[in-house]
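Below, chain A partners chain B and then partners chain C, in two separate complexes.
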Partner chain A sequence: MPMPNVTCLTSVRLLSSIFRHHQLLLPSVASVKVPKRTVFQGEYRRPGRPKEDKFPWQKINFNFSKGLQGIKKHFTLLKKEFFERWVGPQGKPLLEHILEQNRVIWEFRGPESLEGWTVSSDREIGGQSEVYLKLGRNNNTCLLYGTMSSTPPRDGETRYSGYCTMRSKQSLASFDRKKHFDWSSFNTLHLRVRGDGRPWMVNIAAESYFSHQKDDIYSYFLYTRGGPYWQDVKIPFSKFFLTHRGRIQDSQHALWLDKINTIGFTLGDKADGPFQLEIDYIGVCKDYAHTEEFAYELYKRNPEV
Partner chain B sequence: MSPYTLTIMIFGIGLGTTITLMSSHWLLAWMGLEINTLAMLPLMSQHNHPRAVQATTKYFLTQATAAAMLLFASTTNAWITGEWAIQQMTSLIPLTMITMPLTLKIGLAPMHSWLPEVLQGLDLNTGLIMSTWQKLAPFALLLQIQANNPTLLITLGLLSTLVGGWGGMNQTQLRKILAYSSIAHLGWMMLILPFSPSLTLITFITYIIMTCSTFMIFEINKATNINMLATSWAKAPTLTSLTPLVLLSLGGLPPLTGFMPKWLILQELTKQELTTTATFVAMTALLSLYFYLRLSYAMTLTMAPNNLPGTIPWRLQFKSFSMPLATTTMASITLLPIMPAMSTLLKL
Partner chain C sequence: MKCARCLLQLCRLRLGGRSAPLVRSLPSSHSWLLQHTQSQVLRQFHVSPSCPKTRPVPAEFNEANKQKDKSLATYDDLFEQGAKEAKTKATFNKVVEIFTKASVRRRGHVEFIYAALKKMPEFGVEKDITVYNKLLDVFPKEIFVPRNFIQRMFNHYPRQQECGVQLLEQMENYGIMPNIETKVLLVQIFGKKSHPIRKYERMMYWFPKFKNLNPFPVPQQLPEDPVDLARLSLTRIASDLDAKVTVYQLPCTDISESGQEITLPHVVGIQSPSQMELLAKHNPSRPVFVEGPFPLWLRKTCVSYYILRADPAPADEKKEDPYDPDRCLIYPLQLDLDLECDLGDDESFDVEDLDEGPVYAMCMTSQGDQATLNLWISGLQKSNDILGQVPTLFRLDAGPQELQWVDTDSGHQQQPDSETHKEASQPEVEIEEELTRSRGMKQ
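Entry: the complex of A and B
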């Protein structure tokens, strides 16, 4: 067990100088120090990250110019939000809002488009998958690639492993408030992808109120073809089913499209090896022929007898 | 929901409101309000969707807070004056305090933030009950207390008309638009309350008729946002031509019914020498009128893109029970000529 960090007191030094000839006393007197509390470790620490060794007040980095930049950025966003209300709903004129049938939400055309996405894999829990995100050829697409490994981490409790995912970051309005997408005018998700034949999962996260609904995600499958040709995938929003932390829920309900937070793609098909998914754009469209509200049963399944 | 449960809940909200309407004791009135709130909660969350549950939770928290504040104010009045009667509330501090919970209950600005979110989480039928029936009980109490501070009520009223007009400006969700419209109408009602409570009642009754017809129109078209409203012209063409009239009546345009309360209120305000207030509130009505016009424009005056099967539902026979819709729509369009009868009733 390591010795706790201690600080030296001047009185102890004085004491040790007076009693220098007492050899027995010296080591114990010289090493008397005041114990310091260890730093609280806080949230989950990814394997490989160093432990916290500084107190929160020691981590403050007071930077005046950065603060000014932040003020400027937030007030610019606020001004933009204020003036776009004068144009129409969601910053567009009403006519455009009524006539809109297709909208491209994410388009990967430059390095800044990748900043809105975050990738992760089971490396976070100690697994061996690798996942990377980069721009494709001619900076026209994004390429999610890596290697999946379903070897579970040896921590004694994890039984299954092997997943790689990319998820869009939560978009923020001025002063770091959450901004939601309003897709209530649309009913279909339109993706232009080029996969590797593996079955992916599309995950949409909507805004929730209670903290235990934080991990509620609406998912559907994306079966990629694998060829050199691009694939246009149209998934109606009525097909998305509710999952919580990856487990499909018994009581299902339709996805409400007026407050969508993030979209993501996950691979977890237990097949070890390299994978690749190239995405051209992600958009939403209105399919007038699709009138289904929800694809799954709403009545109470497994009723208590 | 099982028909038995539904009957019990509907009976519960009826009972709660009736108890409050017939009570002269604060405790009984509070009890009626609580019964009303508690019976409404299962109706709101019957669909088990997270948004409905969220709306129910927010509604419960606001209504419970208001009921607690109401009980506190009435208890303080009883402590100071020994009077529990609603109409005998004479002590200054409780009288001022009682206005806050009642305005929170009905969703008047500045206590209006819960109303758009709660209405958005409900389906249209439950939203109709929320916007109309649930306001009866707090209004009955507001009408009975002797308002001794017109300044507070006028300020609340002006703030509500402004917030209601401005907030509804860029909404595309119909339920949120109706929530802001409700806030604006409540503002008009509050404005005239210290001077002529009977005018408040007339405004309230007109507002209920117009809101009922609007909600029922949206329910028949199954429309919850502007785009769905825009493609609903093919479902019932007669309704499509009458809806702008109902919406403009909500906006207070003559010669429709909705103009009557606004006219009488402005007349009364002018008689009370509050011409600046009257001008300001008439200007704020323009804000609301803008978004009603926008709805009429999207629904009737333009033809939104649609596919071929979407253009033929009107050929099929309408099976839903439309008697309340017909009555309330006609009432919200054609009742302006009874204005002299209303003025006579005012003198009571």
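Entry: the complex of A and C
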């Protein structure tokens, strides 16, 4: 008689341990702030994880105080938007807007500047890399650090992994409309960074029309020198090439600068160990010496069909 | 394919029907007949019936493999057995050759290539183009080439093509450029417009574009000697062509009088003339810091360096040096033209400047303790007299090197870290100690 009891107990304990394990796992995944994604663009579901059995309306938080906060936030934004127009385009006087030669888009001068960013690593897909974002030594730079690990998750499907990413959040206007950056009067991306010798990748996501283009990203490389000195990097936008989910596309297209959504930095150099990247500011500027429109051939597909 | 299978079954049925009466009449000849007819009849369908479930285990390994159930023997075992003595390129090539010569049909070559790709880093051949070509050579030629437009339209032999693409992808991941031999092989195996050829063309288009992009190139083979490696990395991070590398101590192993071995670490430093100039202007009442170790990555190796720096000077101490008009007599070094600047001529970014204090020198050593770094500072003192009067503080992190624990006395540079979980996972101890270098040592 006691035997089944014991087995029952152990199985219960086993279950509870699994459950606890899950609970331990879940916050670590959830604490990585994921940018707001659309319904179609759900979170990456790892192989083997069951589908979430919930209706879409069950995920919505119908809270009264949250609603009040939302109303306050959105109407403040709307008011700001409305009165900005009186000053000039994008809240700047017209003369300044026309004659602008360079613009600082993101600078890291305080803890609130980190709120517009989100970090993620291959932990989302079951890997072991870690990435953290914090302010630098004097609270006026942003330090992205962590450990890189290219051990693939043991799910039988994933063949390789190992990436760490920092990406800016989609900026939103009132009532959660998308707000885009208009950089069409500039032609160069200007970064002031200090790395540790690892090569990074700069990703720019532009607004697209069709939903199958939502993962289209324009990328280029960012090589860091390492050492105690800051490094001013100028990357012309013409050099950015089109990628989709990590693959270079055959038919390339120049980056259209009128609707830029996000910018991101990715590390995936397969060298296991700690890494760090310190960013002072990210800006755009107009380089008169640079006249190239697109650095890659447009007159044929590569390879040809 | 289906009709072939039907025919095969028919054949078997007929065989069974024919052999049944034979068993009754001639039981002794049964086994021979069955063997004979099977090997004769089924050969027409390009399937060898003699061992329908066994992997083609070559003769060399047959002895070791006798006890095992042969149907479960994988190709990983083939490599394990082949590499009993040493895992080298020679043994890898030998295994591939054995597989190629084992049978004409090369059954299971896709699985073999997948297993070989997985085993390549173990054998140290993952960056060898000849080995990849040899692996491609395992594919049978001209069988997977589509022959008519329907085959061309659909994915002809998808598993084989996928395998070829994966081989090329592994080459891509290790940054190896395919050569003309690869192309010839791929055309022979899969035809001119197949997926592996597409992949090859993509690689040949993009690889040369990105090959020499790095403005701070790292050599493919890093120097073995730690001093050479230190020299290379220091000149890389100094970003100044005038900077001079000085070797303060060469690594050597001595045996002391008491008989124990003493290993002296190497100390290599770098300093540029502008850094020396900055250091000469340093206010002697303010301390300089030795900080480190900081990581520097050269491809897949991580080295660490130490810097000598100072905190930024306070605002009242900062003064701009007036230009010395005698420095250049031909043209003035400073122009005081009152030009009206338009808003459109403003080329500088509207950002607050970061002032982190100057860096005076950098060094690399294999042993980051204070005694070793002291050696560096006293070496620097020969060329920079001011270091004799400036107090030097050591702020060393417990990095990759083992450090002795010293009591900290001031809460300097302990920033509140919100991410406690990071602290817990990676204990970072800041050892900070006022260097009590006596006056006697300085003089």
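Definition applied: the second predicted complex is superposed on the first by the 237 of 305 C-alpha atoms of A that agree within 3 Å, B and C clash if a C-alpha of one lies under 4 Å from a C-alpha of the other, contacts with A are read in each partner's own complex, and residues count from 1 in each chain.
Keep in mind that, in the parts below, a residue touches a chain if its C-beta (ideal position, glycine included) is under 8 Å from a C-beta of that chain, and two chains touch if they have at least 3 such contacts.
What you see is a predicted model, and the numbers here were worked out from it, not measured in a lab.
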| item | value |
| --- | --- |
| Contacts of A:156 with chain B and chain C, given as first, second, both or neither | neither |
| First (chain B), second (chain C), both or neither touched by A:99 | both |
| Broader residue contact with chain A after superposition on the shared chain, chain B or chain C | C |
| First (chain B), second (chain C), both or neither touched by A:258 | first |
| First, second, both or neither for A:88, with chain B first and chain C second | first |
| Partner chain(s) touched by A:184 [first = chain B, second = chain C, both, neither] | first |
| Contacts of A:141 with chain B and chain C, given as first, second, both or neither | second |
| Partner chain(s) touched by A:50 [first = chain B, second = chain C, both, neither] | neither |
| Those residues of chain A which chain B touches in one complex and chain C touches in the other | 95, 99, 101 |
| In the complex with chain A, residue positions of chain C that touch it | 173, 197-198, 201-202, 205-206, 209-210, 213-216, 218, 233, 236-239, 294-300, 302, 305, 307, 309, 342-352, 354, 356, 359, 362, 415, 417-419, 422, 425 |
| For the chain B and chain A complex, residues of the former touching the latter | 47-51, 53-54, 57, 120, 169-173, 224-227, 230-231, 294, 297-298, 302, 304-307, 309-310 |
| Touching residues (chain side chain A, partner chain C) in the complex | 95-96, 99-102, 104, 107, 109, 130, 132, 134, 137-138, 140-141, 160, 190, 192, 196-199, 221, 223-230, 248, 250, 270-271, 273-276, 280-281, 283, 285, 296, 302-304 |
| Chain A residues touching chain B - in the complex, by the definition given at the top | 85, 88-90, 94-95, 97-99, 101, 182, 184-185, 208-210, 213, 216, 251, 253-254, 256, 258, 286, 288-289 |
